[in-house]
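One structure, pasted below without further comment.
Just so it is clear, A, B, C and D label the chains in written order, and each chain counts residues from 1 on its own.
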Amino acid sequence: MGTEELIQSIQSMFPDASINMGNNFPELVIEKDSLLSVLNQLKSEPTLAFDYLFCETCVDWKSHLTMVYHLDSTRFRHNLVIKTNLDAQAPEIESACHLYRTAELHEREIFDLFGVKFLNHPHLRRILLTDDWKGHPLRKDYDDPINMIKL
Amino acid sequence: MFEQVSTSENGELVINVGPQHPATHGVLHLLITLNGETVTKLEPNLGYIHRSIEKMCESLSYRQFIYTTSRMDYLSSHINNHACALTVESALQIEIPERAEYIRVIMSELTRMASHQLWWGAMAMDLGALSPFFYAFRERESINDIMEETCGARLTMNYFVPGGVMYDLHPNFVAKVKEFIVFFKSKIDEYDELLTGNIIFQNRMKNIGIISKEDAISYGCTGPTARGSGVSCDIRKIYPYSIYQKLDFDEVIEHGCDSFSRYQVRMKEMRQSLKIIEQLIDNIPKGEFQAKTKAVLKLPKGEFYTRVETARGELGVYIVSEGGTSPYRIKFRSPGFSNLSALEHMVKGHKIGDLVAIMGTLDLVIPDIDR
Amino acid sequence: MLRLENISSFIHTSLSNHLSETSVLLLEMTIIALAAITLFALLGLILVLMERKVSAWIQIRLGPNRVGPKGIFQTAADTLKLVLKEGFVPDGADKFLYKLAPFVVMIIAMILLAPIAFAKNFAIWDLNIGVFFITAISSVSVIGILMAGWASNNQYSLLGAMRSGAQIISYEISAGMAILSIVVLTGSLQISDIVASQSNGWWLFKGHIPALIAFVIYIIAVTAETNRAPFDMAEAESELTGGFHTEYAGMRFALFFLAEYINIFIVCAIGATLFLGGWMPFHIGNWEAFNHIMDYIPSSIWFLSKTFFLIFVIMWFRWTFPRLRIDQLLQLEWKYLLPISLFNLLLITLIAIKGWHF
Amino acid sequence: MDVKITPPSEPFPGTVHPTDGGGVLVSSLDEVINWARSNSLWPLVFGTSCCAIEMMSTAAAKYDFSRFGFEVARATPRQADVIIIAGTIVNKMAPVLKRLFDQMPDPKYVIAMGACATSGGPFFYNTYSVVKGADHIIPVDVYVAGCPPRPEALLHALITLQEKIKSGLTRDQIRGEMKAHGN
């Protein structure tokens, strides 16, 4: 399936969501509540078979956070990026780790560095920093006057 | 008098492996629960070498941030640099000279071999065979010598820059690489004789640390870890970058799903790397080694993602640019991080000795995981 | 000619001329004790250095060569440093057992030295149940290791000690069977008798293939019993950091370290005595001239060279093989070595009864 | 241990009475002890990042630090004499490093290998988690420059440490001597 066809078939699956071509991969922007159902459909649909989540991360846009999921299909070798916006004050989203086991550690990392709360995550705890760490360092407003020496 | 030996509720022994433990190859901390010698639960605790590279990169320019990636997965530093250079180049649409492409691929493959050699020695050491480590380092030193002549460093090269490579090749380079190919071809057979056929080694590796194809995909395993389970995931083949398209080499896939398959994949990959270098070393085109680029690089607004195949698996570089001289957000999708998440699945029900062996076959580099 | 037996008898006679029988005995015991301790220290130094040189040779390195000529004082420096290092008891350890354990291991290694014949007519105590004595005492050494592992109050130590317990007790059986096969052939438990029975050839050659099998089993079993790689379960540096001696430092660790090497020496000495003729020179049939030259070499040299050859073999194992897993280790013993050695013992008995050996 | 040691650069306040040979035994015993300690430095297996690989190279056949008797790398801090901090120390690792150092029995020595362990190195600016130099946590005897240092540099550091132990001087005395020499 070419990229054009892929975009069309995904658009027909999710008429509400917007999809357009990014620099590298097609990008699908969805509502955060529909994340699990979208992922589920993308994974189970035999012509798409997005079975491999190769990157999951978050971007802090100050006004809001954006969760970014990079999907790949090991059968058809096509990729898709899913984006969904979260509230900056109390970011919350369903965990994808029941669909993609790799999300478990990635989500713990995002929780640690961005403070995104993943619902139904088996053990959401800090992973890279110490348990008593204050703040989420990859947020743009994070500041640590003691440890960080600004250049 | 006595402090109770720490046990879980049902009387199982809880042990901290790491952060300082010879088998973790760095500062990984594993909290394992043992029933007798059998591992019933394993929980990785990371961050003992979390150096906040992603945060640092947000204040570094696109030329500067490459050096931090050499220190991430220091065993395949060339390949990490390659990923970053490719991202910047694809964003700015820089055409790089063919000579630079050839140099890059040769260097990457040399790095891959050096990394696998170190893995071979270190894994054998985990299994209790101490001598292979020294043999592996003998070969690795000759690669280091080649690198040092051209790049000026032995480990953290910072040789690939956006637009090509930093310096031209050393005049001795081609002769030395050819010498190395002949030398290493005999040595790699020696590796097989020494370890692969050993009955103790085979018993320690076969049917240990099983991960099925589906699980490997779900856990996001890449590189030799996944290819040992029959997943085709070599980025050089499926999403070719640089000049890999033109090269004749095989993606090594084993279907055993166990430690031994992962071992075999790496051993065969070394031979494939030799094959790639053999194809290239005589045909390095003449010309520029670096394209003309602006002194200050500014990426256009947008998001850029590059995937390359390091010695451990798929490295992804995700750059979000706001149009400035430094990235707005940068994310390194490191292969070790995902491979590590499969560790518990592989280790459960095995003995503590196998935990060490399985970790050896995953070839974890902790700074790559923690970043 | 200067032979060890002449020296000992000279000392005995010269002392007896001047002193009463009791005081001669006491004095001789003191001399022997001092000699044994000196031998221990020397053996420790030599064997550790040998291990490091052998490993360096196998691993294409040079090995220690800076401290003293060719690095021969390296282990002396190490020992002195270990003795001078801070000795302490970790918090929460069972202090009494923690301090006792290295001495238990050490003393057992020392007692084992008694019946070994270092040269012709030169043994500390040539008792009539020598072989039995050795098997009995050597199985006690596991107590020291268990003690160390338990008393350290450290999970790694505990695991290492438990592994070691299971391992030593298992392999004791095979080692015992292998020793027994020679006892069957000789018909005596006394070391001097066993050596004397090999005057016309070593049991390794005289006993046909069953003796060879017994020898191989013996070497495997004692490698396991002394906790050497590929059976170094108890220490397993890459798994358990240091096994039972994880919490030991300084002098006490040095004792464990020393005891390991002394144990290797002893098991190799016993192996050389039982299978390779002890201090007996190497003779070939009726090559009179050759045999005469062989006789000219002192018996102590024969004994030591055979022992060190076996030690070298065991070191060679260590630097070549990967480690077994604990269940594979026990499987090897109970499923393979034990049945083989039982069957082998039957064969040897048959050979001994029928007199098929040379 | 807040003992004030007079740096040798300052003149001794008072007169020194020479004794006829009384100190020879003690001082030569000290020399023997220092000789033993300096020639038997067993390193702890401790590597956090890139420098660990160069430490391994130093152990390997080409550079071979076993020549000096350093090859008995111990996995447990109880039996180690020198801790080579090979790599970056981050905030989460700092208490672990301190604990490892505390677990080592005296006398113990520390080598800070590489720029990260010396000062934070390439991770000095704009990082929230890197300790800017391991000497914030434990006292360091010898610093090695480089990112990562070459194996020769580590060997040199180990030999320097040997010399330091052989000299029998304390950290403060050496510092005083260096000041006197204008370093």
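The criterion applied here is as follows: contacts are C-beta pairs under 8 Å (C-beta built on N, C-alpha and C of every residue); 3 or more make two chains touch, one makes a residue touch a chain.
Given the structure is predicted, the values throughout are model-derived calculations rather than measurements.
With centres computed from CA atoms alone, B is the chain lying nearest the middle of all the protein shown. Set against the C-alpha centre of chain B, every other chain centre is closer than that of C.
Look at where the CA atoms of chain B average out and do the same for chain C: the two points lie 45 Å apart.
Chain D has its Cα centroid 32 Å from the Cα centroid of chain B.
Between chain C and chain D the centroid-to-centroid distance comes to 38 Å (mean Cα coordinates, whole Å). Centre-to-centre separation of chain A and chain C, using mean CA positions: 63 Å. Listed for chain D are residues 61, 75, 92, 125-130, each touching two or more other chains.
Counting only residues that touch two or more partner chains, chain B has 21-22, 47, 50, 52, 55, 59, 133-134, 138. Multi-chain contact residues of chain C, defined as those touching 2 or more other chains: 59-61, 237-238, 241.
Interface residues of chain B facing chain A in the complex, by the touch rule stated above, are 44-47, 50, 52, 54-55, 59, 90-91, 215, 217-220, 222, 231-233, 238-239, 302-307, 314, 316, 318, 320, 328-329, 331, 333, 337-338, 340-342, 345, 370. Chain A contributes residues 22-25, 51-55, 57, 59-60, 68, 70, 74, 77, 81, 100-102, 104-106, 109, 113, 126-130, 137-138, 151 to its touches with chain B in the complex. Within the complex formed with chain C, the chain D residues making contact are 32-33, 35-37, 39-40, 42, 61, 64, 66-69, 71-72, 74-76, 78-79, 81, 105-107. The part of chain C that touches chain D in the complex is made up of residues 52, 56, 59-67, 71, 73-74, 76-78, 80-82, 84-88, 237-238, 241-242, 245-250, 253. Interface of chain D with chain B (complex): residues 44-50, 52-54, 56-57, 60-62, 75, 77, 87-88, 90, 92-93, 96, 100, 122-123, 125-130, 147-148, 150.
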